[in-house]
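Following: one structure in structure tokens, then a few remarks.
Order of writing sets the chain letters: A, B, C and D. Residues in each chain are counted from 1.
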Amino acid sequence: MSVSESVHWAGLLQGIVDDLAHERGQGHVATYIPPLANVDPNKLGIALALPSGQVFFAGDAAERFSIQSISKLFTLTLALPLDSEGLWKRVGREPSGSRFNSLVQLESERGIPRNPFINAGALVVTDVILDHLDDAKLSVLDLVRRLSGSNDIAYDLAVAQGEQATGDRNKAMAWFIRSFGNLRNSPDAVLDAYFHHCALSMSCIELAKAGVFLANGGLDAQGRRVMSLQQSKYVNALMLTCGTYDAAGEFAYRVGLAAKSGVGGGILAVLPGRFSVCVWSPGLGPTGNSLLGMKALTLLTERSGSSMF
Amino acid sequence: MSVSESVHWAGLLQGIVDDLAHERGQGHVATYIPPLANVDPNKLGIALALPSGQVFFAGDAAERFSIQSISKLFTLTLALPLDSEGLWKRVGREPSGSRFNSLVQLESERGIPRNPFINAGALVVTDVILDHLDDAKLSVLDLVRRLSGSNDIAYDLAVAQGEQATGDRNKAMAWFIRSFGNLRNSPDAVLDAYFHHCALSMSCIELAKAGVFLANGGLDAQGRRVMSLQQSKYVNALMLTCGTYDAAGEFAYRVGLAAKSGVGGGILAVLPGRFSVCVWSPGLGPTGNSLLGMKALTLLTERSGSSMF
Amino acid sequence: MSVSESVHWAGLLQGIVDDLAHERGQGHVATYIPPLANVDPNKLGIALALPSGQVFFAGDAAERFSIQSISKLFTLTLALPLDSEGLWKRVGREPSGSRFNSLVQLESERGIPRNPFINAGALVVTDVILDHLDDAKLSVLDLVRRLSGSNDIAYDLAVAQGEQATGDRNKAMAWFIRSFGNLRNSPDAVLDAYFHHCALSMSCIELAKAGVFLANGGLDAQGRRVMSLQQSKYVNALMLTCGTYDAAGEFAYRVGLAAKSGVGGGILAVLPGRFSVCVWSPGLGPTGNSLLGMKALTLLTERSGSSMF
Amino acid sequence: MSVSESVHWAGLLQGIVDDLAHERGQGHVATYIPPLANVDPNKLGIALALPSGQVFFAGDAAERFSIQSISKLFTLTLALPLDSEGLWKRVGREPSGSRFNSLVQLESERGIPRNPFINAGALVVTDVILDHLDDAKLSVLDLVRRLSGSNDIAYDLAVAQGEQATGDRNKAMAWFIRSFGNLRNSPDAVLDAYFHHCALSMSCIELAKAGVFLANGGLDAQGRRVMSLQQSKYVNALMLTCGTYDAAGEFAYRVGLAAKSGVGGGILAVLPGRFSVCVWSPGLGPTGNSLLGMKALTLLTERSGSSMF
């Protein structure tokens, strides 16, 4: 598990991008909204951040993309210090064993989502944010800007509108959760914030920087505390067990990092104590995770000998 | 995450046992068969093994107990090198999100158990063993004897008979799996072996030694290869995501080790690259895992700074 | 099964009301909205209509109450002649085996409700009406006024508002059905009409008259065709198998009539070829059907020898 | 609903057989055991019995076939008078909404089958018989011989062996029910009887005669009481709501008779107060009911004007 400090990250990342060059374009790009469907499927970027503040990258690592469900990590990061105890009464912390947007489990478990990384869970987390902060859209934007050091990170409004226009199932979910008393704010307000969160545009470099606190016991690269050590361990464990839809097991044994993925093709992964890494390639595999992204991370952990297992 | 080699394991383990002394007897001992119900609820033992061969222990670590579902780790360890490819076609590798003995998922997923650590999965793993070896009882016994270096490890026949007598649901499961064509040997033969596996009696010291290969890339303390490095990573990942019934998430964020638990009150856990550890205390908590066992492991990772996260 | 024409209906109905007098007030009145909670639990009325136009009644048979789910019968009656073929592609005709407002089955059957008498089915039926008619509220009102001959039947707006205010689960259902493409109009429009339909106020006499066409092969008491003979047989069969929530079986063997019940305590029942009957008593039993209503209908079929079975 | 006594049944039945002649062979014959797979798919027979003792028939009505699940009607007929109260505590009376052999509902409803006409329910009914009678095979044989007046009715042992050899799912079900404490006799004994019941060989004529008591308030054609009037109403209601797998609704609105079908292609149906009718054609439709059998019964009720609805 230990990672030699002498790893030449820059060369390693470049080697991975080069070795996967001929596989670019594989998988299926998400098509349910035009802004996602129109993304160039040949993109491939990777960036790795160390707690020291150093960042290494290769390929299309500076290009912004729709982070989609990776935003669930940031809404949780915002909500957890606000009301950790209250939050865990309203959202579980176990793998769901079901699809990310199933309503079945929600019915049998009376409106308590299994974990914060399925859609239902992120809706409740957003509701918790709205309980404490005036503006759930602005506050998440502030958070990712501060964590990544990029003050021009913004919501892609075309994506947010697309999510709203195609989000019938998420609307069903919000009303369903509310019917069990587990949504306190109006579903419309929660959904509006949620759809915006999914529409954040960030680059691999920005995401790797934004996630490095999880590799550093809750402290960001400037030494500012984002959450407690204990909370950062919780979040890492949640990423490992629940962060990659219904491929958590496969992800763990193949890649061996704690990770959160999005249908935009991004994956933000963490090796606790060592580094955060973000990879982006739009083509998705059968489990809804970036196909080349998973390959790139597998190569990374193999070549650097840095699996958690 | 790194573990200082200067950890004084012996003192640390004794401190944990001492600090938990006043909590002995908490939780509910499994009562479905007399040999389990009659166990002294005040027992508490812990043992830790290093890849170097060193073993540290405290409390009732030398006393044998019924390892129950921890045996699923050993049947998998035996089956994986026999037919890794075939096995993963017949058993999944994802968390189930359901109780360990539910038949619901089995019906919707047409007889393919979610992972090798739920009962249904272990039945199929046992079937794989029977496909390749003459005697699934003897071969598992041989394996744990060799791994632990204790040649007198044996099946507790009273426990095996109790399992058989109360195992209606496991019988239902075996016939159900067979109805989907995923059991090749007779359910009676598979169940007989399975019930015996659950009835293995081993001590914390023996279990820690038997599991140390998972902390050592697949090599046991004598340097013999038990499985490939890749396979050992798979097994560790499976333990982390699926090893503790429906408390995998809680176990991960609270304890931070890959682990497999049993209703006899034992938990065998691994920190890849560092150590294996086994704790035993018969009283179970609400998730069916040893209550004091989880506390002991939590103290261990906190005090040694050795969580995976 | 045959009903002697010499049955003295007036006396029989009065006898039932008298014999149940001491049981008035039993069961639990629906309380989820104030207008229902405030109903006098001691009410008991019964009315029976013959295809000839004759109507017999006893007790509080002339008092209007909230017909709630009995309205599902009238929305189906309106929609069926509009687009019978299209309707049955979008709604099933089988018992659900689940609660009337479950979303589980809807998920596994991809947005096709099991039958028109569960909430999800009635939402799709309302959507069909909106596909063909300008005003789904007015057209249903017209229908029940015409069928019952009472031109002042109206929606109880306090009830409609209450349904809207507490209807989170129905809203979840509408969005969920829409997410499968089985709702063409806006969920808000469908829900608004649906909540009004549930808020119809009618008396036992009006309901018995409105339902007599189902006892008369599709012709009302004035000889006007409401639906085809074949369609009336379909509707009767649906009432018998699906009309009383998850008590269809119990209702069939105990009462032996085709029936549709509502949480307002009304039950409209039909003996094909003979009569329609409506009973009202607000106290509900464990299956959500009027407790005294079921008793009254059981007495009716026993004393008149008129069970379908 | 009334049936003119002047119906010329003999001619009507012959007309149906003639009109369906060119459709013989349609559907898919059950193939899971050789004796069923080898049946001539072109067979078509129909027989109708009146309470008076008169029997009319046409086509292959005198040829015996495997009655399969129609036997569930006879095991219920035997068990109901033995312990009506106890039986209904152990088996429900509602439609299941699921496939006839699903284990899902059984798990959520803790081993209480939904009704006596799904496999799980018939296993419990058989268990009730074994609680009261020495020989569940012989007693059912006696019953159908007595009801039909054919003393040479027998079990087809090749079919019974085939059921046993392919009955893994039924075995799973029996053990599963037992795991909830709802099977008192050994699963092997219950299954052996159950597999034999399914293997009864009877003709349309024999089945129509055996079922006529359900059209006659519980009295057979010789005036002997088979069950109480109330019980016969229960059984008819159960047939209507639960007798034709997951096509109860379709059957009710299309055919309009209470019916119990089997995968051997037989359907035994009842119009309470009027007649029992049995049709046989081996080819099954998508719901597992005889395709031509349903057509024949639909023609029968249309041409005789004898639907229950």
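Following the convention adopted for this analysis, a contact is a pair of C-beta atoms (placed from the backbone, for glycine too) under 8 Å apart; a residue touches a chain by one contact, two chains touch by 3 or more.
Just so we're clear, the structure is a prediction, and the values are computed from it rather than from any experiment.
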Chain whose average C-alpha position is farthest from subunit D's own: A
Subunit A and subunit C, separation of their C-alpha mean positions in angstrom: 49
Centre-to-centre distance between subunit D and subunit C (centres being mean Cα positions), rounded to whole Å: 32
Of all residues in subunit A, the ones touching two or more other chains: none
Contact graph of the chains (line, ring, star, complete, other): ring
Pairwise chain contacts under the document criterion: A-B, A-C, B-D, C-D
Subunit C-touching residues of subunit D, taken from the complex the two chains share: 1-2, 92-98, 105, 114-115, 232-234, 236-238, 240-242, 246-250, 252-253, 256, 258, 272-274, 307-309
Parts of subunit B lying in touch with subunit D, wherever the complex brings them together: 102-104, 107-108, 168-169, 171-176, 178-179, 187
